[in-house]
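Pasting the structures in now, so scroll down.
Both complexes below contain subunit A, partnered by subunit B and then by subunit C.
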Partner chain A sequence: MSEKDLSYELIPSTCAYCGTGCGVLLEVMDGRLSGVLPQKDHPVSKGALCLKGWSSHEFVYSPRRLDKPMIRKDGVPVECEWEEALKVVAEGLQKARNEHGPDAVGFFTSARCTNEENYLLQKFARAVIGTNNVDHCARL
Partner chain B sequence: MSGLEQIIREKLANGSDAFLCLKNQAGVSVPVLITSPDSEDIEVAELGEVRYPLGKILIALQKEHPDTRLAVVVRGCDERAFIELSKLEQLDLDKLVMIGVACTPEEAEACGCAKPYPEDVTLGEKVENPRGLETIERLESMSDSERMQWWKEEFSRCIKCYGCRNICPMCFCKDCSLENPHLVEPGVIPPEFPSFHIIRALDMAGRCIDCGLCEESCPAEIPLRSLYRKMQEIMADKLDYRAGESRDEKSPLSFLGEEAEIKNLE
Partner chain C sequence: MTNSINELEDTHAILVIGSNTTEQHPIIGEKILSAVRKGAKLVVIDPRSIHLSDFADVYLRPRPGTEVAYLNGLAQVIISESLQDRDFIETRTEGFEELKKLLADYTPEKVQEISGIPADELVRAARIYAEAERASIVYCMGITQHSTGTDNVLSLANLALLTGNIGKPGTGVNPLRGQNNVQGACDMGGLPNVFTAYRKVDDEAVAADFESVWGVDNLSRKPGLTVTEMIEKAAEGELRALFIMGENPMLSDPDINHVSKALQKLNFLVVADIMENETMQYADVILPAASFAEKEGTITNTERRVQRIRRAIEPVGESKPDWEIICAIAAEIGAKGFDFNSPLEVFEEIRRVTASYAGITYERLGARGLQWPCPQEDHPGTPILHEKVFPIGKGKFTACEFREPAETTDEEYPLILTTGRLLFHYHTGTMTRNSPSLTKEIDKAFIEVNPIDAKALAISEGDMVRVASRRGSLEVEAKVTERVGKGVVFMPFHFAEAAANVLTNTAYDPVSKIPELKVCAVSISSLAV
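Showing the complex of A and B:
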């Protein structure tokens, strides 16, 4: 065996860039995500990808990627813990609904979330807040 | 125990550090690198009906682990790719053990490559494949202007995904001409006709081993293989060179000097 252990894995996944759902294989070499290949016999994408699919792994190690929530304080986004962020969101939603009614609130879901996450969000909009204002990024 | 399983166990026991092939994962074939004789992947290893650019995977593996001895299952196209990549100093064949697989008659027929088997076949039976690409015959019966118009229409569907380049086992350059803003205007779809596709076709001269992965991966179903196959024919006819055929003879486009001899010029 060579000086360091080698490992190369392909993890089947679904491209997260849009709602089409193309099949990708994430290449993981020595424990680090190194690239992406199209899944050849995938029922949706049949071995093809678009430009975004081919680069769908690139954001993972991007230094510009947000990995903590941020709250704008005095006009400047400041990193915070999830608990604080969720509290600010909950208070904001409650305030808007109490002062202006449920239809003053809108919910924006995303093709980059799973079906289950999108289901949850619309359920939250309708059952908890009481509005049908649900839309998604693919209509932008 | 299947023939493949037996071969994997034998290679891992006799000097190979890892074995690259395909495996069945939840009903689909994906490449797998088996690094231990105890790996559960050995039992689901398969030849598969799909093909992946194994050369690309091997280049990355050899770059990170230059001393590793790898065994790999090769079809005819894989072998041609590895031979050409070795001449282009991208792969070290001395550290590779190739286990030859002949494509089945059905696979050979569906693919249409001229040599659907490697030199030494361990698994399967060699079948010859006399069929050419139908598109080339059709294109050759057209006039120049008809043919130009035909390609223009085909390439008008290009979404510039770069999939043909990304999947190509023979594309390894760090700086790609197709991303040079002086040659290809960024942000324009479809890319300029015919320059974008001519740039790639010229880069494939003396390199393309006719695996057809580019055409398989094209979301716009552009018959790319016909273009590169024609380029291959010209290389064979004018410069007497067939990429991936000989282990010693280098592509006449890869060196300077008088060694290259242009033949059959009208």
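Showing the complex of A and C:
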């Protein structure tokens, strides 16, 4: 492949939408996500995808994507560096816990995040903050 | 699901109840239609007629909130016509006599009075389910989002136990999970009362076990609060700080006006998400998260299949995967046990504390994934649960009496509102409403009104109407359609500009704590001039 050619890759993954878990191939053209294809050999979806699955690359570059951390200052969210945002989060959670007890802090984990991320957030709530106030929208 | 998705294609009868499968789980819906093409019988029970009801041998339209009554009715018919599986009941279950006693009152005629389902149709549905050699129950939020949700599920389980439709291919009690990782979020202990693999936080031995693995000595033995309870406690001023990862309660939770007041009362709110959403207006800190295409990890589907997601592109802008964000906050606090360099390393720790995942490795997941329980590395995974024995030994019949929903209609609010989702959209729309191919199909809210009600209220197709409940009101366009029965209206909840959850009721099931999003009382008036 010469430098003039666009690079093209298919990355096998799992659909981001419902709980069926269809197999997808993420099309990556020159480092950008350009489309989604079905996986023919997937044990559940067997080469099928619904409309949401086929178009699941479209929101990734939406202008509404968040691309910088923000902190509210004088009532308005202002962009900041990660370092500052993390510091404010750590202080805010610790302050609530120290002043009002661990059960004054709560965590919504997510049915759209990975197993690893859900595991880490409940571990953080339980082992670091000391509360079992952990739930997500399974009920909604 | 007790069983696996593909088994639906080869079963003999399917009972679909409270699941608009072709719209919310289109690939599973297609498998149900494929079974029908091969000769399987289909029973659909839903207050709103759906695509699948067009293909059903029997379609029953109950009044919303009467699930226990008509499920008891189905069981009553099965017993009175001696269609139950006597061997299965004898060897694998207990509590049959109590159930039989309770069911005596739920004759088809009585059930018709309560639910509006014609008695002879109920009998036909019961025969289809009980007479099939193998029959599968498929259900979704139409069963669970009720103040009697637990009783609804137990009543479904009664049907499977009565007919021996459990533990074999093509059978089972099969809830369809709405989001890509609801199953995994629950498996991982993203719940207030359990650690991973549903081990209880108030079990001393379990808590001590996690203390030793995590290297801490102060884990709380007190079960925590659910989402709905956290909102309540925030409103009361008891919950002071909230960290929200990838959720949007300002659109998804019942009684949004109340949610808004609760979130404003917090001292400190952090929201991590991929997209701008309605909840952020109250956040003190907003953290940009990487999307599914920008990170590694695993998710678990509705049939318990653990599968990989893979990083295809770099995180957009300065966004970071949520796992990195959590580890970075822990590092900032100086907490130990969060120095992970990759999701793989996190997964290795998950395996150590989660027996059902212990035999799963990233390597083994390959292109097919593995269905838990998978306790050892040479275990092939488990497509069908309860084949020989139930985790509690014998399967237990639970006799449940019918209770009316928390809110019933009256003169001021004479219609029942039921909420749901559309084919082209997903939950609060942060992904689908930013996808041009989907917004091109539909991008605005509506309310479905039966022609008889529309005529009485002088509402025509396309009119703007005001919809009000005891909690709030909104304006939305009317669709006049026989998809809903007389006295019932339907709204999708995806659309912030006419958010159905402004209207819905926070009353919840005492056990599952699921709010009654499928039934509340509303009034409608035309705004057309």
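Just so it is clear, the second predicted complex is superposed on the first by the 115 of 140 C-alpha atoms of A that agree within 3 Å, B and C clash if a C-alpha of one lies under 4 Å from a C-alpha of the other, contacts with A are read in each partner's own complex, and residues count from 1 in each chain.
Please note the rule applied: a residue touches a chain if its C-beta (ideal position, glycine included) is under 8 Å from a C-beta of that chain, and two chains touch if they have at least 3 such contacts.
Because the structure is predicted, anything quoted here is derived from the model rather than measured.
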| item | value |
| --- | --- |
| Touch count on subunit A, higher of subunit B and subunit C | C |
| Subunit B versus subunit C as contact partner of A:Leu120, first or second or both or neither | second |
| Partner chain in contact with A:Pro12 - subunit B first, subunit C second, else both or neither | both |
| Which of subunit B and subunit C A:Asp67 touches, first, second, both or neither | second |
| First (subunit B), second (subunit C), both or neither touched by A:Met29 | first |
| Touching partner for A:Gln39 - first (subunit B), second (subunit C), both, neither | both |
| First, second, both or neither for A:Gly47, with subunit B first and subunit C second | first |
| Doubly contacted subunit A residues - partners subunit C and subunit B | 9, 12, 39, 41-42, 45, 48-51, 54 |
| Residue ranges of subunit A touching subunit B (in the complex, touch as defined) | 1-10, 12, 25, 27, 29-30, 34-35, 37-42, 45, 47-51, 53-54 |
| Contact set on subunit A toward subunit C in their complex | 9, 11-23, 26, 28, 31-33, 39, 41-45, 48-52, 54-62, 64-72, 77, 82, 85-90, 92-97, 99-100, 102-128, 130-140 |
| Complex contacts: residues of subunit B adjacent to subunit A | 17-18, 25-26, 28-33, 35, 49-53, 57, 60-61, 64-68, 159-163, 166-167, 216-219 |
